[in-house]
């Protein structure tokens, strides 16, 4: 999911900056989007399911035109948390004031927290972590002298991988969990406005200069008076554990996370893959768009020429209806077309960002063979996914992983590749070489979780509220 | 606002009955609509701003297709309570279970209740009474042995004019405040399904036979086992005070409230008006649609022929854009056209349901004169509005009442009528003659409120959350 | 179908006048709508399927904002002529210039004309009469000295019931066939703009004063210089034959056709019906909206009180989806609800504008009985439909007329009425009593057609082009 | 514009194949789209403005579900030919039958032909060449023994660069002008269906095997009986003149035109550019998407590493609203973001497909400098555009070419590049090296037109009909 916030002295057009920022973060979540603007204590909001471009029309933007703080969110949908009711930022009112909150990531103790809050009489409208977190914070706010101190105290009870972006009538607050599982950074525009964003590419889009990342465990408080204060009580308490999958897949290649370029990390993965699984071949082809950087890295390391062997149809959108045939099959065929000139009569190294179910891979291999490729050597720039993610990365839907059920040889046979190589587990951390981050979460590959696992007892209400979309 | 609920043993198509029911109640609120279905404890919901026909498409109805209980709501928008976030029914989760709630009316102690709840740490997502009421009920639920007992206890603290329709995983519960300010009734379909609706016309629409009204102060509990139980602890504690304006304007003429036909009440108002303000004239014309019944009553009583002197364009809808001129002016002109044949050279008694700002009246008088009417004797079937409504009837927007600032003679001059008469205050209760209801709220006309007035201290958060529509 | 045109010296907002005019004529056709504006020889157009309010949004109106002439059209859809391709006005270019054309009615020699034109090499894009007529006119234009003379000559070959509204770069031309089958009139706004409209109610809507009707066979030419010229070469050649069904059903009650109020005609039909089929009863109820005037006429003539016994749900629109049951059945039930108070225990005279299939009637009779009516005496204010209309009135879809297959007694039994009466054939012309028109087409009732019948040989291409709607 | 047609014995799902085919050709025109299906002589059509995915929904596809021939078209909008009225295929009816026609390209003698046709009384509904061509063909059809012979004769009078795809009740006919200015090819699916498409990539998408290109001047007639016949009367009469710009820009890289891969042609352009304008640099960056292949060619030839230095936001679509700033400026910024890691501290060779106004280029150069590029050497893989295209390639909008007004040095300064090189004119034909085509049209670069120029006298009606979009 994507977080984006801005605070400044000029009251106009903050929402438009958030709009641009969310566009830049759209790859992190396409299910719903929302913006809340703080217009001198009045919180104006607009949220709905859909892409940023669909959710916000001119009327909505005019509604949000004025204010001195604005925060926004785009989310991907997971089972039980879809629909407009779960769209963020959420806005809550409590005895001490008003709060808007947007979140990235997931708590591992959501079930317990919710149960405790319910025991104390709290009532929940949604099935989202955001609501739980807002309740924990507002509860602390009863006794805390300030909203930032309430957040500080709340962090004692929140467990998991989370980034928070809060807005009170006078402040914008950015928070990162103690392990720093997900990225969050801030920058500054020339006119003095401070901008917080999940990825640095969103700072670029609005013309903000990158200042630094929010530290693991840090709370950064931006005031409408232009002040910036840091609370570091929770810093350094736990080992760093940045989600390594941000480099492999989640983040945009033009983002820089912990001083490491995402594109460079992907190219490094490709190069490591070339060293681990070399092969004699004529061309290296990446699966667009997320496999291209690794393919280029593989090509450079191996000396095999890089080629553009697959063309992606950029017009395929939500409205594609696939009349007359199975949707999945057609969508691959229409979405990707091989370039015969690039692969005909050639031995192809095909680099994809990862291999999950294997079905898309199998279709691409078939497409390339039909275009004349004589051999296809499939390389996955990520290792095999073997463990679930507890921190909000969308690997939930990856339960039917082909890698959990089959050996590499079997997978190669299933997808039709001549050879197959996954990035070796021991190389995983190497792709972040040069990163200023001292530790990474690689749990989806090796099962070593930086936090406790979520309690397995099923909350009796989980996934029981269902909302129609659209 | 309109409430509609159904509970039955056949699990299919309950939502479709609610859909039809809300269509029949659409006149009570056009701002948003929602349906929640209880599918064996799973609460499926679909809500949005717009008319019933716009909010629910086939996809939404399929999403809601199964379940043993379904409740729905249509609301009109008032300042600060618009937007999808305020759409009802609301669904909340608490330690003892799950609850869906739809409301009609308004609390007079909302501010205090909210403040108390906030003091105890409760958090609010909306500015609606529904959320406050759901919190009061769930708070009582912590110690109450059943949801209906929690409602029973909650009624000790709720003040105002309200009807509630609740749904728990196994029950549908209908509640009316102790004064019985707003109507609520229930009936039964041949297949044994029980149906609750704000007005009886909605029972007709789904083929349910009217059984009786919920009593003032009564809680009626419908079980999925077919049981119907009544809790009457709050009955008889306060004098009946049914909103008389339901007869004048709010309800549909084909509804029957407290055994009194709404149409008959309007015709009686017309007849009383004829007696109070007789005039020599050639034709009695009603302003469509809500002035027609009173016009017919006036005609019958006076012996002056009834005529259809104004034609309403039935195609004017939400999409009307009024290019090139002021919207208000054009909309009257396009919406209504005089029938020259009916009024030319005639002395016209023009009967409208009420006169608020006077601007629409003035335009209609002008239209009729241009069509050849020689005299226009304006009659308002309702008395002058002089006091605000605290119970949710949309007279809030009637603050700029022409009657508050001008004498009857002045108003006649302003709107261009030859004579003008409002239904006399002493006749107000007579229109409900034959009603089984023993008392009425006529506060908007005479200022005699059946409850305490709302606390005037402005809640600091009121109207501070604003949501873009659409 | 509805025609509306305006020509003036002020160049702005002519399209908005057409927009309002089409709204007023919407009852004559809901399938598609279009406006063409003449902006100094540039013809800007916007057409689409749908209601006027749906077809024209702000963008479209801005596109049409400037010009000195504007004409518009709304059409109802008949088999084979649906879709945006058949929307009018059509715009054609020929060697002598450019022409926009909108039509009402139908040719009886369309097949022959089309065949002859095709023989001469002409090519058709649509299946509409409008295209044929435009081709005939432009063909004459090759040798005619002016567009109006081309129209004048074209009328020698056009047979049937038609009204035309043409626009050339400098003129607006209104034409009515020699029998004057359909109405067409014009008026003038205070600023000197001339307005042509199918019905006078549309003149009212835009504030134009009625001047007179276009005569049967007349061509009226309006120039951008403010000139108005009449060509009467075709006048008086054939007997007048105004479609009597305009009075019964097609026109709006607030329109005046040939100096006869439509409402008065309907009331007269009701009165004649009362004389022809008197009955002892307690209340006269009209089926909204088109049966109300006749019901009032019946009531006045018979002395039986008029009552509002059926309430129409005004929110039923295009979006109604009828989940869970048969569409037709539900739509009647949701659309109409009986008022028990008006009919309970009463003998009801139920007046409808006509009886076609009988299915809707049967449902209404059932609704009234369930509401407590003890007797139902059904009266149709129009006689039995026994013959097809060749002139464009939508009685094509009335082929399965119940009256063609059953006696009056049988029909009464089928629809469940105690007695049934159709307006006697000999009374048909009497409803137009006072009309300045000297003759009427009553062919649908008596089979006496004012023109030759259409050639029956099926054109091989008829109805062979089909366009998807929406 | 894109043409796609299919003819077969299985009657189902032909329209769905066209739908997929148009998706693959969407890059050739985004203004409107249409499909016409021949269902045993009944022509069903659906056309509208918008992208393929927006124009066709499930209802439309169901409407088109059956038939033995289907043809489709996507067009880009040029001044005066926008709007649904100009959408193709067009369907016309004439004395000998019915015809659907879709076109690519443009006539140079449209004005004369139209004038002649108008002189003979023909009437035009649109401003498109398609209408003129359909009239010429149907006129010939009066005396020709078959539709294909009518087409054959019509080609004697048609001048310009055009491809035609016709459908009669029993045949699909593909036509290419005598110079073969635009590509057109056909293939075959395993089930025997023949497929015609502008580009080979569309054959791939529907699983058809490429058979061969339609020859310049050839008419290929596909019968519903499975027959394929070629008429070559017009072949070999004029020199081949395939639009070279198809290789540079218009076609998709995965298409093969005249046996030459488009991607390979672009890579060759890049390589030739590297030889013509070498430079010392650290990385070669292409402007996505159309500059990538040339950039890779430049990199390979020069030995400078290829890098992915610009990331394109794939979510920017039609709904982007650009609140608060100038649209053009923001769209570049949001659409493209530089990858600092790829360009920081580096000397960058920036390869774009062409340089037209120079404004987008200037913004990209600025973006790369702000990302840390030390030098920027801009290379255009196409030569300078100096002459208008008469054959339908969208260089009309390229009138304000920066290259027409400035020297290369001036342009470099204006866009902010350190050096600038356009592909030399003498290299233009070399990019098609290996093509089976014997000649090319390079008129936009060198002014050498293969046909006469269009008559300059402005048709008095040109661009005078304007239709509102959407």
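When the chains are written out, they are named A, B, C and D in that same order, and each has its own residue count from 1.
Going forward, contacts are C-beta pairs under 8 Å (C-beta built on N, C-alpha and C of every residue); 3 or more make two chains touch, one makes a residue touch a chain.
Just so it is clear, the model here is predicted, and its values are computed rather than measured.
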item: Whole-Å gap between the CA centroids of chain A and chain D; value: 37
item: Distance between chain centroids, defined by C-alpha means - chain B, chain D (Å); value: 59
item: Of all residues in chain B, the ones touching two or more other chains; value: none
item: Touch-based graph of the chains, sorted into line, ring, star, complete or other; value: ring
item: Chains that touch, pairwise; value: A-B, A-D, B-C, C-D
item: Contact set on chain B toward chain A in their complex; value: 41-46, 48, 59-60, 63-64, 84-85, 90-95, 98, 115, 118-125, 134-135, 138-139, 142, 461, 464-468, 470
item: Contact footprint of chain D on chain A as seen in their complex; value: 12-13, 15-17, 19-20, 23-24, 26-27, 30, 51-54, 56-58, 61, 201, 204-205, 207, 252-254, 256, 261, 263-264, 289, 292-293, 296, 300, 305-308, 311, 313-321, 323-325, 330, 333-334, 337-342
